[in-house]
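Some notes on the structure that comes next.
Should a chain be cited, it is by its letter among A, B, C and D, assigned in written order, with residues numbered from 1 in that chain.
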């Protein structure tokens, strides 16, 4: 817990926070692009296309648009809370990132781990603590904007989040029992080895429960009741416009990322590589992957791009090329392993999210609730009991 | 590491408790009164934790845990009661709920 | 030694019977009630018989035989055990009580056959027996007092047995209250005893008494006071002057009750008590004198009243009073044995008289007035003969039980260590009067021509259940005195010899002032040189006998030979006649002197002032205070949670201040 | 003025501010928010006291569950601004002074109490959470079970009370 004992810590932490925030923002922006693209392709459309090559500049445009739009505040609303809600939502969503280890803790600067802002040994608890606060954003937004759809939406979503939070937490306890630690790095370390040691196998039920609860927790399809357009216009953020709306939007994506990171850490060995240590060729994978990306971009630039778009894509190609070469340098190579795998896994999860959204229809509210309480909760409880039982047997034998 | 005297924490808890008492006396909304009770509980918890820290005994923390658990249960029931009252008496003002008297 | 080891059985049986009959009897058939009631008493009689057998086998060292069961009261040094004691005296009493009770029970079957509350009656009787036995067996004053009050209670219940009759209930109350006056003295006496001897056990008291010197004939010390106080109780219980008034009225009760309680047993409790406490009295000459005085005067006085009574039972009642007077006279002159002896014989013949009278009343279906009787001699022979025997016995005709006992008493009065000419004279005259009114009763009842309405009343002899006890008692009243017979001819008096261990252990100290020995028959020099024939002749022609004969002749003259002579005699002494006829107006005087003022005080002061103003005022005042306080205080409960909270805070503040203060002090 | 002091005073100030806001704000939801503020501040203080587990639980249960319930109920009942009524004279006149006195008393009590002089002593265990769990499941296992039963009963009670509405 000694995150404020020396002042060096403070400085380093601040730097790390800045970096993480920047990356997170970018990631959020491009996550929206990613989502739109994927969903579009699932629905056999093109998706954003015109702003930049493959609509790569679309997030930028959206951001500008949000910034310059008129900010409407309903007169009957509770001003303070109305403003507070989105800030609360976004800030909490981003705060969670402070606990996520993107890479091994042994990579240090000034004796401080690089890839994690706060390496608490009960990080998971804090994570849950912060996510549990996430409800307020929604609830307060729904209440403060003093109109019936938001209120209903707020009520629904807060109820939904509270309900699913229970099974979310319970589904994780199994992993905690196996790892015997609250510290995220500890959990990851306890999965060291190869893909066979990941907790997804012993805790497959826990994982399924977790992923379901997580989707519900983040109000995503098929559990996106809060913004069920058909029923309540846009749920709790109906009255919100321009940047406040954007904040909710970002908060949602931030939560997605957080949850995906957590899934990665808990069930898929976090920043660990899927292959045994002995396979040294895997060290080249990051660089090679980037180079491959660069190659594809180059091809695309040459073939199907015109004018400005072509220029942009060229720049992107260049960036990818440099990054790939960097990753192949022996000095850098070991450092990027952790982040590479971590980001890859998280990306897969995000893809899963989008995939699910593009595929599944929406639940009805009562179905949602009964599903959460009558199926998910019991299952995760049984899973917990079974796990602890097995562990006890193991201790005996 | 931590150099702040425990007595600071204790005084803080005392102040919070006093404020909780004041809130309890002066709030009229049942829910607000409920919250002031929670405030008092928190103040007590702080005192517990502070003492636990001082004597380097964890029992205080155990007590806090129990306090929190009991508080959760209490709130569950209490709010249910509040809802019932609100439905029956169409008011959340504690002073409208005064049937239990001479 | 079974019974001797389990004395409680004797008590338990009647109590059990009482409980059963009293609680369940009302739903039982008659035979069951009889079985329980009589069964219990007869069993306890049998156990007493067994007890006597065992007792005689006992070696004298073990007497009095003491049996302690449990500690009943223990307050500081005041300690009372539930303990029983058997010695010759209590043996005699036990025998008399159980024997007569048994007979009376049997008698009651027939007598009460037509009455309601059959089971209740028997339960009361059993209860009485229980308490009487407790009284007799008690080993300390307090337990004796329990029995004392217990018999009082059952007497009250039985006198008022027909509680629908106002006169009966009044009589019951009168008996109870009058006795209570004496009992007050008795209670104080007990306290005084404890204060003096630090104990209420007879044994302890007597041992300490043995150490004490006798008190003077004129000075009143603790002992004298104690003796007099206890005697007050006896006076009440045994209907002596001036508290005798309740006994005649007690005749309102069923006749068996009169026979058992008001003739044979309960009323003699006083005598028993005095005899029991004789060590005390022996050391309080003044008390002895008072006892003798009261006894003698009562004997004479109530005998005179008996002369003019017309109600057959009233006559017997007054006669009882006077006979009790004799007993006290005996105790008073130190002849305890004689007193107890007379107690026993009296129990026989007076019980018999009452039962016979009851039989008469029964045969005349409820007629009690002798003026409406007469000529029953042939109609109810059994009753007649038994009653005649009893009368002869009580009159003191030689050969019958009464003769022996009464003769001994008079002898003691005239020649005993406490001899006193006046007592002797009173006793003598009373004896004459006794035989007069008793034969008057016989003549009025059984001789002459029938004065009742022969059409209406169908005279019938009583059933066997009543006849048998009569016969048995008749036998006893004839032969009951022969224990003492040899004494007449200079032999030993077995009865006295039997009781001797009790009374001889604390010898009666003769008065310092020697009085001239009077030539008054009896046996001044017991069985000395004089030859038996002369002794016998001397005895059977002694003044008591002569007096009895005179009384008999007078009665015959007035009520058979010349009935009009009686009227002329009345005319002659009209004033005296009315005075006596109205029992010397004692009841009226009491009413005027005591009852009415008491009533006045009770109503005007105690009731209207003390009770209504003081007590009710206090109670209601308290209640009102509480109500008003509540009315004010309830305002605090405004039903407003916030004010409650404030109160809580107030308490918290106070408590914290307290803590701080304590901590500052520390 | 070292960092811990700054942190302490910031958190303490926030806590007190929250408490005051709880009193003064007449909108129940504002009271709820300020109470949440208090709780979070207290959680941080717990951290500074080395009770990180308690801190986490504080946030999860109190801020994350209990207060959510409050907010939820407030939204459900649509509790409006509380009206001013002065029915309780006792509370009006005696309440505030009493409460202040109490506050002062306790504060003075703690301040003057023998513990006040010295700072936090001793170093906490290497794994306080682990030690706590041991304590909880060994020594305090019975109370622990009791609380679980209590919660069960509370759930039932809440259900019953809520059902009665239909």
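Note that contacts are C-beta pairs under 8 Å (C-beta built on N, C-alpha and C of every residue); 3 or more make two chains touch, one makes a residue touch a chain.
This one's a predicted model, so the numbers in the text were calculated from it and none came from an experiment.
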For chain A and chain B, chains touching each: D
Selected pair, greater C-beta contact count between C-D and A-D: A-D
Chain ID, smallest distance between chain and overall C-alpha centroids: B
Between chain A and chain D, centroid-to-centroid distance (C-alpha), Å: 31
Distance from chain D to chain C - Cα centre to Cα centre, in angstrom: 86
Chain B and chain D: spacing of chain centres that average the CA atoms, whole Å: 6
Length of the line joining the C-alpha centres of chain B and chain C, rounded to whole Å: 82
For chain D, residues that touch 2 or more chains besides their own: 4, 50, 53, 57, 65, 74, 76, 87-88, 91, 95, 99, 102, 106, 109
Two or more partner chains touched - positions in chain C: 638, 640, 642, 645-646, 649, 652
Multi-chain contact sites of chain A, meaning residues that touch two or more partners: none
Every chain pair meeting the contact rule: A-D, B-C, B-D, C-D
Partner chain D, residues of chain B touching it in the complex: 1-23, 25-29, 31-32, 34-36, 38-39, 42, 45-47, 49-54, 56, 58-59, 61-62, 64-66, 68-77, 79-84, 86-87, 92-93, 95, 98
Parts of chain A lying in touch with chain D, wherever the complex brings them together: 1, 4, 7, 10, 78, 80-81, 84, 120-122, 125-126, 128-130, 132-133, 135-136, 139-140, 142-144, 151, 154-155, 158-159, 162, 165, 182
Chain B partner contacts - residues on chain D that touch it in the complex: 2, 4-5, 8, 12, 15-16, 19-20, 22-23, 28, 31-32, 35, 38-39, 42, 45-46, 48-51, 53-54, 57-58, 61-62, 65-66, 69-70, 73-74, 76-77, 79, 82-85, 87-88, 91, 95-96, 99-100, 102-104, 106-107, 109-111, 113, 115-125, 128, 131-132, 135-136, 140, 143, 147, 150-151, 153-155, 157-159, 161-162, 164-165
In the complex, chain C residues that touch chain B: 634-635, 637-642, 645-646, 649, 652
Chain C to chain D touching residues, read off their complex: 638, 640, 642-643, 645-647, 649-650, 652-653, 656-657, 659-660, 663
